[in-house]
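As written, the chain order gives the labels A, B, C and D, with residue 1 at the start of each chain.
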Amino acid sequence: MDGPHDLGGKDGFGPVKTEAPPFAHDWERRQWALSKNVPLPDGTIDWWRHGIENMDPATYLSLPYFEKWCLNEIAHRIDRGVFTLDEVLTGTPTSRQEPPAEPLDMDGTLARLRANNTDFRVDMDAPPAFAVGDTVRTTNTPTVGHTRLPAYARGHTGTIVAHHGGHLYADAGAKGEHRGEHLYTVEFTASELWGTDAPDTTCLDLWEPYLASA
Amino acid sequence: MDGPHDLGGKDGFGPVKTEAPPFAHDWERRQWALSKNVPLPDGTIDWWRHGIENMDPATYLSLPYFEKWCLNEIAHRIDRGVFTLDEVLTGTPTSRQEPPAEPLDMDGTLARLRANNTDFRVDMDAPPAFAVGDTVRTTNTPTVGHTRLPAYARGHTGTIVAHHGGHLYADAGAKGEHRGEHLYTVEFTASELWGTDAPDTTCLDLWEPYLASA
Amino acid sequence: MASYDAKKIGDLHRHLHAHMPSDPALRVKALESLAVEKGLVAQETIDTWVEMYSDKVGPMRGAQVVARSWTDPEFRARLLEDAGQAIKEFGFEGHATEHLKAVENTRDTHNLVTCTLCSCYPFAVLGMSPAWYRSAAYRARSVREPRAVLAEFGIDLTEDVKIRVWDSTAELRYLVVPERPAGTDGWSAEQLAAIVTRDSMIGTDRDLKVQ
Amino acid sequence: MASYDAKKIGDLHRHLHAHMPSDPALRVKALESLAVEKGLVAQETIDTWVEMYSDKVGPMRGAQVVARSWTDPEFRARLLEDAGQAIKEFGFEGHATEHLKAVENTRDTHNLVTCTLCSCYPFAVLGMSPAWYRSAAYRARSVREPRAVLAEFGIDLTEDVKIRVWDSTAELRYLVVPERPAGTDGWSAEQLAAIVTRDSMIGTDRDLKVQ
């Protein structure tokens, strides 16, 4: 989707505030901890991301990062029936898990962090369509639904610099489909993307359906 | 520029509120009247538009239409020295025009409206590069500064359906340059722009520098 | 002198938005008071302009043009050739109409007008644009999913009708000429104009009602 | 069951934003209270996780990895081959590091990491991302004008240094390996790790200071 999250190359945001700390408020620390410790049954990371992408664009651009996470965690739990809207707005639970979750100590949280190391590789039957060194062109057709091809890289020609085998395909994952596509790193020159003569490049990790031979 | 104003094809805004009246508040009527009756010396319509485009994106998407106009009228008058920032924030004028502007009656405002009929045609020495029926491809390089080629139409192939001769070139006008370029209407199919199989088309009025033979 | 400096105008916008009172009515009042006190415009002119756009300038103008095109084939030819000239016969020229183009609906073609980059509109001939025309939702969706947008206006088009969307990216402006409905033979110009809706001249209405 | 219905989740977002208290601290408190009262998580776990990200997980982890790569050529080879595996030797794997890729700066190449679509970051090895990394300004400009962005961080690169920007669009995450500065021969692993800045591992810092 051409949502408010697709920020690459967009103008009007002014200078980067280079001095801001990772967390400015305690509620941000707690939101991070909640996102990583309150279970969210089924779903996919890309459906989670697509939730944030579907916020009202003005709201998306206005709210602090972790406030968007908070609303998204709540929205996804209502979507899945973990919370009801009424529970959220009244603050009163109408059901509870028995037995309640056991507290984790520091060793427990460190172990949970390590266990969070998800592998996205998928064995593929189909051979890759492209090889390192190939020239490819990205599609210039906007996607309905979630995609990880940013608008700034649409309709552009680049070079395959790595092939990573099959990885879970984000566009399908946001629809609940767990299937792989070949994943490549594609390098684009600044002159190709932006029309400048800078010697710089941008590398993106792109799935095969985004690409065609050029 | 890839600013917040470039909305064509963007997602996330929800349904169209089909019932809203032209003016919801008196201040909107007055802003419209102010924009059309307070003189703005020099400048161009595209520099005026570029002012709004350079608002903070979250603000652009949040503020009502005529509030953006109000801020833009003020910003442009400060830019040109008609107002000072201090005059605006204190509400106290430090200079005034003598004699003050004469009031217009209804016949006077009707005459002013008719006189507002600006002709944007420019005689061109160079012949047009394209003719009706030609197939052209739009540039896929984003513009620094103002442009009237929307992002959704970049890198796409269409057909010239009209040639309008030379018209003042918006991209240059936003820099204060009054020069013409050949202007064409270019028709794009839905399948080309959006990848759908709808029988529909979109026509855009595009200047020659946006186009190349395809 | 205008600076033509994008950073400067952007900074001014940020500063004004941060420091002016947040109520838009107060912002407009500040502009009006300062302009009047500096002698740049007379208060009465603003009042009169507001009255003009309430009573004299509106979609009834475009409706008269459309009605004439239904009964006067020579006028219709002039309108389709150069609408900016043709409306001068009514004295309807003005803001954003010099390069007006009339596009006619037929049985198999429907026209829809939008402006995705700002909200360009032929004000002098249609009056102030409806709020939805200026909304992000309409600007975003009119080009990408015109059929879904039309459905929200209650217009369901079959696939044998092609939609042509006109995105007003330059200084041309567009006026849709809807089809004359059956059952209006012998009607007066006034009767005909009365059934032409504003939305039908933008393209978010199609089959005009004769009652 | 997740609905995978974009309209539904968007409507939920609009409803929540319109009806929850507007203070983000209260919104997070509402989530926390409900999750704890429903027995989904223990309050102590949240407290401990916050403490962990304050004391145990941060850029000092990445700095140890980089320092090792400077003194141990075999480790450096493993790191460049498969950083996700190599960091397991430290026990630093975790959120968003299985597909970690280390990219090394050289005299004529500088690496800069971004995520234009959300704010992907190798949290387990670098701790929480700095706020600017998640900002619209950085996400928008890092790919289009990396030199202007680096200049705002005080890094002025000449044109004989090429910048490679890595936009984390899939599940690969990137760790920049800065160059070991001159004047650090014989330093201990701890001394070396102490000069590796967080920003140098993102690419918004380049020449490390030896004092």
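Assume contacts are C-beta pairs under 8 Å (C-beta built on N, C-alpha and C of every residue); 3 or more make two chains touch, one makes a residue touch a chain.
All of these numbers come straight from a predicted model, not from anything done at the bench.
Chain pair with the larger contact count among B-C and B-D is B-C, by C-beta pairs in contact. Put simply, the chain farthest from chain A by mean CA position is C. The mean-CA centres of chain B and chain C are about 14 angstrom from one another, to the nearest whole unit. Chain B and chain D have Cα centroids separated by 40 Å.
A straight line joining the Cα centres of chain C and chain D is 49 Å long. With centres taken as mean Cα positions, chain B sits 34 Å from chain A. Residue positions of chain B with contacts to 2 or more other chains are 1, 9-14, 54-57, 61, 142, 152, 194. Multi-chain contact residues, meaning those touching two or more other chains, occur in chain D at positions 10, 14, 136, 144. In terms of inter-chain touching, the protein chains here follow a pattern that is not a line, ring, star or complete graph. Contact annotation for chain pairs lists A-B, A-C, A-D, B-C, B-D, with touch applied as defined.
Of all residues in chain B, those touching chain A in their complex are 1-4, 9-14, 53-58, 60-62, 140-142, 151-152, 154-156, 194-195. Looking at the complex, you find that chain B touches chain C at residues 1, 5-11, 13-27, 29-34, 36-39, 42-45, 47, 49-52, 54-56, 59, 61, 63-67, 70-76, 78-83, 85, 87-89, 91, 93, 95-106, 108-110, 113-120, 145, 148-150, 152, 164, 167-168, 170, 174-176, 183, 185, 187, 193-194, 198-207. Interface residues of chain C, counted against chain A in their complex, comprise 10, 14, 136, 144.
Partner chain A is touched in their complex by these residues of chain D: 1-10, 12-17, 19-20, 24-25, 27-35, 37-46, 48-54, 56-57, 84, 91, 93-95, 97-99, 116-119, 124, 127-132, 134-141, 143-144, 146-147, 149, 152-153, 159, 162-172, 204.
Remark: chain B residues 12, 14, 57, 142 touch chain D in the complex.
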